[in-house]
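Multiple structures follow.
Two complexes are shown next, each including chain A; its partner changes from chain B in the first to chain C in the second.
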Partner chain A sequence: MLRRSVYVVFMAVVLAFFAVPMLWLASAPFDSDPGLGLRWPDWTLDNWRITFDHPYALGSLVNSIVLCVVATAVTTVLGTLAAYALSRVRIPGRDALLYLLLLLSSVVTGTAAMVPIFVMMFQLGLINSQYATGLVIAGGMLPAAIFILKDFIDSVPRSYEESARVFGASPTQVLLHVVLPVARPGIATILVWAFVQAWGNFLLPFLLLRDVEQQPAAVLLRTLKDEGGSANLTVIPVFSLLYAIPVVALYLFVSKRYGFRFHGGIKA
Partner chain B sequence: MARAVGFVSPALLLIGLFLVFPALWTIYIGLTDYTLTGTSSIAPRFLGLSNFMNALDDALFGNALWLTLVFVIGSAVLGQNLLGFALAWLLRSARPWLRRLVEGFVLLSWILPSVVVAYLWTAVLDRDGGTLNSLLGNGSTAWLVEYPMACLIVFNTWRGTAFSMMLYSSALAAVPPSQLETARTVGASGWQTVRDVVFPHIRGHVLTNTLLISLWTANDFTPFLLTAGGPNHESETLPVFIYQKAIASGELGYSAAISFLLLIVNLVVALLYLLLLRKRS
Partner chain C sequence: MGAIELTGLSTVYPNGVRAVDSLDLAIRDGEFFALLGPSGCGKTTLLRTIAGLEQASEGVVSLAGSDVTRVEAGKRGVAMVFQDYALFPHMTVAQNIAYPLRVKRAPKQAQTAAAESKAAGLGLSALLERRPAQLSGGQQQRVALARAIAMEASVLLLDEPLSNLDARLRLDARTFLKRLQRDLGLTTVFVTHDQAEALALADRIAVMSDGKIRQLGTPKEVFQRPADTFVANFIGSTPMNLLPGSVSDGLVEVAGARLAPPADLALTDGTPVVAGIRPEYLRRSTDGITGTVSIVENLGVTSLVTIECPGDTLVGLTVPEHEEPEIGATLTASPDQGRLLLYHGETNQLLGEAAVAD
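Let's turn to the complex of A and B:
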């Protein structure tokens, strides 16, 4: 009996600990006088109109999409090509190379490499370039993407490819028409994972995109805090919600479709 | 073969440009007096190891190192690890709806973007009308100002527990049910069961999990979004310290030297992780 009540209390406390901070995201966007803190809202949709009228809010969401599409496309396409080649070619030291890449990506984090990356982009005159920032983000994601994609491609039976070869298909055709369809769950995983990572990345765009016209939602949302000395509490809650929805939606989609799995520390 | 090289090289080129080169270049920048503005920005001088010597004398660097250690031990090694295991252990036998509900919220706190999460916790901890003060009923405590490190530790436990929970859930599935059954029949308490039956099976997982979450926590930039290192450097962990030195003060050479030290620590932790991984497989 005592054990049962300790269990119930523990679960209730844990649930409150995790849920209470999130309730703000459900109440403040719809409150006529939103503040930092939780209260039952005085319902209104005015905040949404004000947010849509904000000069940079919608533009920054478009910037986020541009940045994410560049980073995700580059990661997925180059990652798949590399994973396919590494899966099918027997070269000495291949596994060592894969582990080395994975090691690199966990050691050279955005934080540890912010100085050289900033200096490099600064000297190349690529500060404020969305495409360059997208490439930098892709470079950090590629090792993990290759590692996971190779796992998926390894599981495609070689006999499929051999029969396609017999009928005269080129390696590119084999990749496009035989391997890709079979490895689709893996590619979808990487696609979603890369998009979510790039969408949430704050540090690199914050360092490399200094012009508000180029900044993605992550950076704009942060600068709303310091705008004119005090936080813009009308726009922040609505914009936080708008910015968070795609991430949550993508996760729900993936976990419904492919089941929530994770590979060596990668959220997918 | 030539085609294989063609397939691999674009990816390797990007990795080389944005991971390998920066890591190596950090070493070189760290040996100079390179700055963002002024004469050293045009013609940086080669200083040798003096940036590293200066770091040893820099009380703020020591402070950042200490706070990072406190942050990693408090929120990752203890917070995420223990809460993650407790949840994985207790949710095994929970009703499906409860399990789904708890797991849903824990996962949500993990997947929300860090800028949003920072606002959520600012709203919890704010002095005027913050959720925690309203719940306590009497408070006007400025939590983030008075107890910045405690706030960061609680925050990061909330933020990262999902990973440990999932990892331990799958590890617990591999513990033979017959052994748990035996423990129950001989009347072992929950704690005894965990210590003597479960722990020997998941020891490897505990170690790899601890290494990974420590690595991520030490490199986490989210403290910048919550406290920006303040007040008065009281929550300035290493990532925030590097940012403040590099971008705010423009001391690129010095901050590169500090980054290099962080890279070395990361390398050691990651090598340990890979070693353990290979030993197990």
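Let's turn to the complex of A and C:
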């Protein structure tokens, strides 16, 4: 009995710890005087009007979407094709190559490569280009995406493809009719993962997009301050809520549309 | 139209294994042909080489008289059912069956019509909208067959068609498969490691080991007159007695007995031989191989009795039910007329003709 009460109390504390920020995110945007604490809101929509009037707030969310769509599309498409090739074709040193890529990927877009990346992009004249920044982010995510997708495609039985080949399917048809649909849950996972990674990426856009008009939400959030230099608590709660919505929406959509796993058809 | 001819065919894997080793084989049009052998004997590789999924390293594969050795899988007019069936899990039964037509970009109506007619022929009409995961093993197998038939190929290849079904269903599927093959008249080659399956289904059997064909013949030939001791050992649900012995005075001395050799064989004294007698062809008699009963195994209608003979030789024979001897009793048995086979003691080859009179 005592153990059970201790357990319940412990779980309640842990739950509250995680629930408070969520409740803040739900209530503060509608409070006439939002603070950092949690309280029953004094209902108003003024914060929303002020945020929408902010010169860069909505624009930065659009920038974020552009950046993430580029990065996610490049990562998912190239990652899938590369993973399929690496899974099916035997080349010497394949596993070493994969591990090396994975190891380096954390360096490539990590803090260690900050200066070289900036210099390179500067010399290429690609500073302040959202597409170029999207490509750099995708470059950093690709090794991990390939690694995860290869594992996934490895588990797709070869007899599916061989069966399609025997019936006369061309390599493109094999890919489109069989491999992609069967690997769809894995691809969907990578798609959401890549989007979330790119959406929350601060360092690269901060370095490569110097123009405030081009900056994504993650970077703009840092600059939301009032005249006194302290956090602008009128705009930040609304902006945070808006910032959280696309990721949650994408997750729900993908999990509903593609997240289920096909099985059967192979008699094991 | 669907004859297959293999000439000097070898398939060598990159690691140097000669899975199929300079093999010659002609399969007739409309024949139901079995490739039989233990695992690792190259039978599946041979089937995949015919399908075009493995590239032949040497030799020629020809189908219906034309050389297809370098033709891609899918352009050879060869359909195949995989051991695991490989039904596409994201497609319905109808889509699976119509897949060979979809690849050829046939109109949607033709695809639906093909799916419906093939499904009707195999008793799958009620299942057209299901996905493979919602089917039983036997249903999945029939969908895989329907899909292969929908390709309208002249040759059908089956990789271990019955191995994934449970024992009871396997017998039904065996009968079903044999009737289907007869109705379609397709040249059909199947791979199996189960000798009973090969004997029951095939018109002719090739028994393989180490990438080579050890014996090619009708089920009757392979069962009654195995060409060497390997085939003799492999075929038959109870293992054949293979007893080393020698020839003296024109008689065969094995297991402490002297047996009369087959009439048409001229044997020189001192030749080392291996006598092969199936347990089913040994009868109790007054004269012959004598030993002490050590084990009795019940096989249903018959029992397999193992007797210990002089020289620590074990000999098995089957006896009808109700006639089982006591353990420890002495029992004498002799082979039925014409059922004693003699193999050369060194080459392990059958002495005499392998052909059987019907």
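Throughout what follows, the second predicted complex is superposed on the first by the 233 of 268 C-alpha atoms of A that agree within 3 Å, B and C clash if a C-alpha of one lies under 4 Å from a C-alpha of the other, contacts with A are read in each partner's own complex, and residues count from 1 in each chain.
The rule we apply is simple: a contact is a pair of C-beta atoms (placed from the backbone, for glycine too) under 8 Å apart; a residue touches a chain by one contact, two chains touch by 3 or more.
Computed from a prediction, not measured in an experiment: that's the story for all the values here.
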For A:A183, select first, second, both or neither according to whether it touches chain B, chain C, the two together, or no partner. neither
Residues of chain A touched by chain B versus by chain C: which partner has the larger set? B
Of the two partner chains, chain B (first) and chain C (second), which one does A:M114 touch, if any: first, second, both, or neither? first
Check the residue A:Y160 against both partner chains and state whether it touches chain B (first), chain C (second), both, or neither. second
One more residue to check, A:F10. First (chain B), second (chain C), both or neither? first
So in the superposed three-chain picture, is A:F202 touching just chain B, just chain C, both, or none of them (first/second/both/neither)? first
Look at A:V70 in the shared chain and tell me whether it touches chain B only, chain C only, both, or neither; answer first, second, both or neither. neither
Look at A:Q173 in the shared chain and tell me whether it touches chain B only, chain C only, both, or neither; answer first, second, both or neither. second
Across the two complexes, what residues of chain A are contacted by chain B and by chain C? 262, 265, 267
For chain A, which residues are in contact with chain B within the complex? 7, 10-11, 14-15, 17-22, 24-25, 28, 35-39, 74, 78-79, 81-82, 84-86, 88-89, 91, 99, 101-120, 135-136, 138-140, 142-143, 146, 171, 196, 199-200, 202-203, 207, 218, 221-222, 236-237, 240, 243-244, 247-248, 251, 260, 262, 265, 267
In their shared complex, at which residues does chain C touch chain A? 51-53, 72-75, 78-80, 82-90, 96, 99-100, 102-104, 131-135, 137, 140-141, 147, 151, 164
Sort out for me which residues of chain B touch chain A in the complex. 1, 3-5, 7-8, 10-12, 14-15, 17-23, 25-26, 29, 34, 83, 86-87, 90, 94, 98, 101-102, 105-116, 118-124, 126, 128-131, 133-134, 158, 163, 166, 212, 215, 219-221, 225, 238-239, 242-243, 246-247, 252, 255-256, 259, 262-263, 266-267, 270-271, 273-274
Give the list of chain A residues in touch with chain C in this complex. 157, 159-160, 162-169, 173, 177-178, 181-182, 184, 262-268
